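Lettered A, B, C, D, E and F in written order, each chain numbered from 1.
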Amino acid sequence: MKFTIQINTGPYTHQASDTAYQFTRAALKAGHSIHRIFFYHDGVNNSSMFSTPPRDDRNIQQLWSTLAEQHSLDMVVCAAAAQRRGILDQKEAVRHGKSAANIAPNFTISGLGQLIEAAVVSDRLLVFGD
Amino acid sequence: MKFTIQINTGPYTHQASDTAYQFTRAALKAGHSIHRIFFYHDGVNNSSMFSTPPRDDRNIQQLWSTLAEQHSLDMVVCAAAAQRRGILDQKEAVRHGKSAANIAPNFTISGLGQLIEAAVVSDRLLVFGD
Amino acid sequence: MPVSKSFVFINRKAPYGTIYALEALEVVLIAGAFELQVKLIFMDDGVYQLTRNQNPTGIGMKNFSKTFGALGDYDVEQIFVDHESLNLRGLDATDLQPLIHGTTDGVERPSIKIVPRSELGDIIEGADVLLNF
Amino acid sequence: MPVSKSFVFINRKAPYGTIYALEALEVVLIAGAFELQVKLIFMDDGVYQLTRNQNPTGIGMKNFSKTFGALGDYDVEQIFVDHESLNLRGLDATDLQPLIHGTTDGVERPSIKIVPRSELGDIIEGADVLLNF
Amino acid sequence: MPTLHTVNKSPFERNSLETCLSLCKPGASVLLIEDAVVGALQDTAISRQILESVASGVKVYALNEDLQARGLSCGRLIDQIGIVDYAGFVDLAAENTTVQSWL
Amino acid sequence: MPTLHTVNKSPFERNSLETCLSLCKPGASVLLIEDAVVGALQDTAISRQILESVASGVKVYALNEDLQARGLSCGRLIDQIGIVDYAGFVDLAAENTTVQSWL
């Protein structure tokens, strides 16, 4: 079965990103496929490469990047939401005259159409948020 | 009268930073002084220089930086909270091997002791959050 | 893309206190552009999104509620408001901005329908995709 | 710094679902190190912060509730729990982890006191500084 | 030592206003801000509890800018609720000795 | 077309579980996750409403990992609530035709 996951909150402050991660792992383990993971609202903050949690804590961005690497996941960060909250890829950094990009590997900035398309072609959409 | 303001949520998603900003402006206008503005939890995200909201929307980070400039406000971002959420000054960027700093002008990264000290020496502490 | 699916957006948050209402509306407009069958539900504090005479100038924000008026142009014509939610909040139909859409016979019709909660349960059960903000 | 002030921390959020409980505890420990007079209130969903046998391994987080056991060492000895909040949630004193502090006579005493809500109102009225998470 | 209590969430979504009113003392002030201003309307599920608090000597206010944002400024508010702007919010914070934010 | 409803907030802080139970249909499933698992305990302010929903044909579940995190796994839960792990959550999402997240 084909799942799409939407994440609405940033890392650490709310549990939603952790729950979505555990769900995604369990779904993959059960043999399901993940069509897309879409980060919206503060969810875009999960993609910040600048995050450095304490050593005895999980690194949520790295968990996602690693899972995406292992399973070729399509992780999309909403462009409009990312601009508001300061998540930049190289192209956006140049366009807005910022000093660097801060989006982590395996995350891609794209439009809201990617959420609608994913919902249309997937068997299930699950939303995790506040 | 001497106020300290604590802000617990990031920009745009919750109104708390906006309300704190309006309160701070009104307090300054009424002749009160602001001892410190302390950004905790997701509040640290208000200091991201990478944020680029739509042109017809307010730029919350710039509102704070400008107000601080005009009134010599002491705006402190909690160090531990900032590390978790990817807010870096030049020193932290170098220490953690990140490509750049993203903290905006007039924000300073410091410890939680700055919140306690501010609460002790101020007449009033107001907390804005979720 | 496969056969068209029915999308139901469930709006339960007040406007301005959080950004969810505004960013949800951005998704609705995109969905409208995809020519999907779209229904909107406003319940719980979501009913405040539709109040008349919103003016957020004083809180430094822009009035996004005007955008609801454009929904008819995107063929988003089915807007359901929970009667019980209005009632608990001291509101009724006259507090909501009128939203309309054109029809093939050239007449403009109201898009908002105030319904009992049980009917919202039916709409949710009948959806192919549920989006929550 | 001026004369010592009394600090009251009000904890109303459940642990793990949000980070507020954990990051509030970090502030309490700092305040303890300042040798201030510190009181903690746990009410509403904040009472879940003190339950025994927390084990967040399965959700990928660390068990920060053990840190409450260190509060006595920071001279944080006055912990008030709202009786009504426990009652509404099907909990009682036996569900909470025991927290103790030493006294000058060498005896260890319990730090947690379960109180009626009206007493919490008094504590809040009597505080110099109120911190909310 | 009167306290200013601020509440920023809708009383129909969260329990913070109810908790606040359950323990605030006569002479205390309660200010509704942000989404909490929806509690200022007449004839709602929370209006009776607000009127009981007022009767017991608690002063209740709502922030005008937040009322206007939500289109709620049109004579439909509980009569006993005072309306203040941000300057009035600052005055309330200064007049009371502490501020308790029910987040 | 049965629906899986997920609720992630404490029913003592927010109204999302109450709203969910007020409109979900016989045959639907409700899964309590994150802070909402506190609603699974016996003898609480919400337990009667949960039992009424169960009696009407709604299946109610709680996520075990979230119960354990909060120290709530010790035989004090409502008997009629099923306990599932993340794999069980995935199965519920697959078995029902849609998922409604009450955020």
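As a working rule, contacts are C-beta pairs under 8 Å (C-beta built on N, C-alpha and C of every residue); 3 or more make two chains touch, one makes a residue touch a chain.
Predicted, not measured: the structure shown is a model, and the values here were computed from it.
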Touching both chain D and chain E we find B, F
Indicate whether more than half of the residue numbers at the chain A-chain B interface occur in both copies; give same if so and different if not. same
By count of C-beta pairs in contact, the leading pair of chains: A-B
Would you mind pulling out the distance in Å between where the CA atoms of chain A average out and where those of chain B do? 26
Provide the C-alpha centroid distance between chain B and chain F, rounded to the nearest whole angstrom. 38
In whole angstrom, how far does the Cα centroid of chain D sit from the Cα centroid of chain F? 28
Considering chain E alone, which of its residues make contact with at least two other chains? 8, 12-13, 15, 34-35, 65, 85, 98-99, 101, 103
At least two other chains touched by the same residue of chain B: list those residues. 8, 12-13, 15, 19, 22, 41, 57, 80, 125, 127, 129
Chain C residues touching 2+ other chains are 16-20, 44, 59, 61, 129-130, 132-133
Chain pairs that touch, by label, are A-B, A-C, A-D, A-F, B-C, B-D, B-E, C-E, C-F, D-E, D-F, E-F
Hey, which residues of chain B end up touching chain E in the complex? 1, 3, 8, 15-16, 19, 22-23, 25-27, 29-30, 32, 123-130
Show which residues of chain B lie in contact with chain A when the two form their complex. 10-13, 41-42, 45, 48-54, 57, 80, 83-88, 93, 96, 98-102
Looking at the complex, which residues from chain C come into contact with chain A? 1-2, 4-5, 7, 19-20, 23, 26-27, 30-31, 34, 36, 129-133
Contacts from chain F onto chain E in the complex sit at residues 12-15
Show which residues of chain A lie in contact with chain C when the two form their complex. 6, 8, 40-41, 80-81, 111-113, 115-117, 119-121, 125, 127, 129
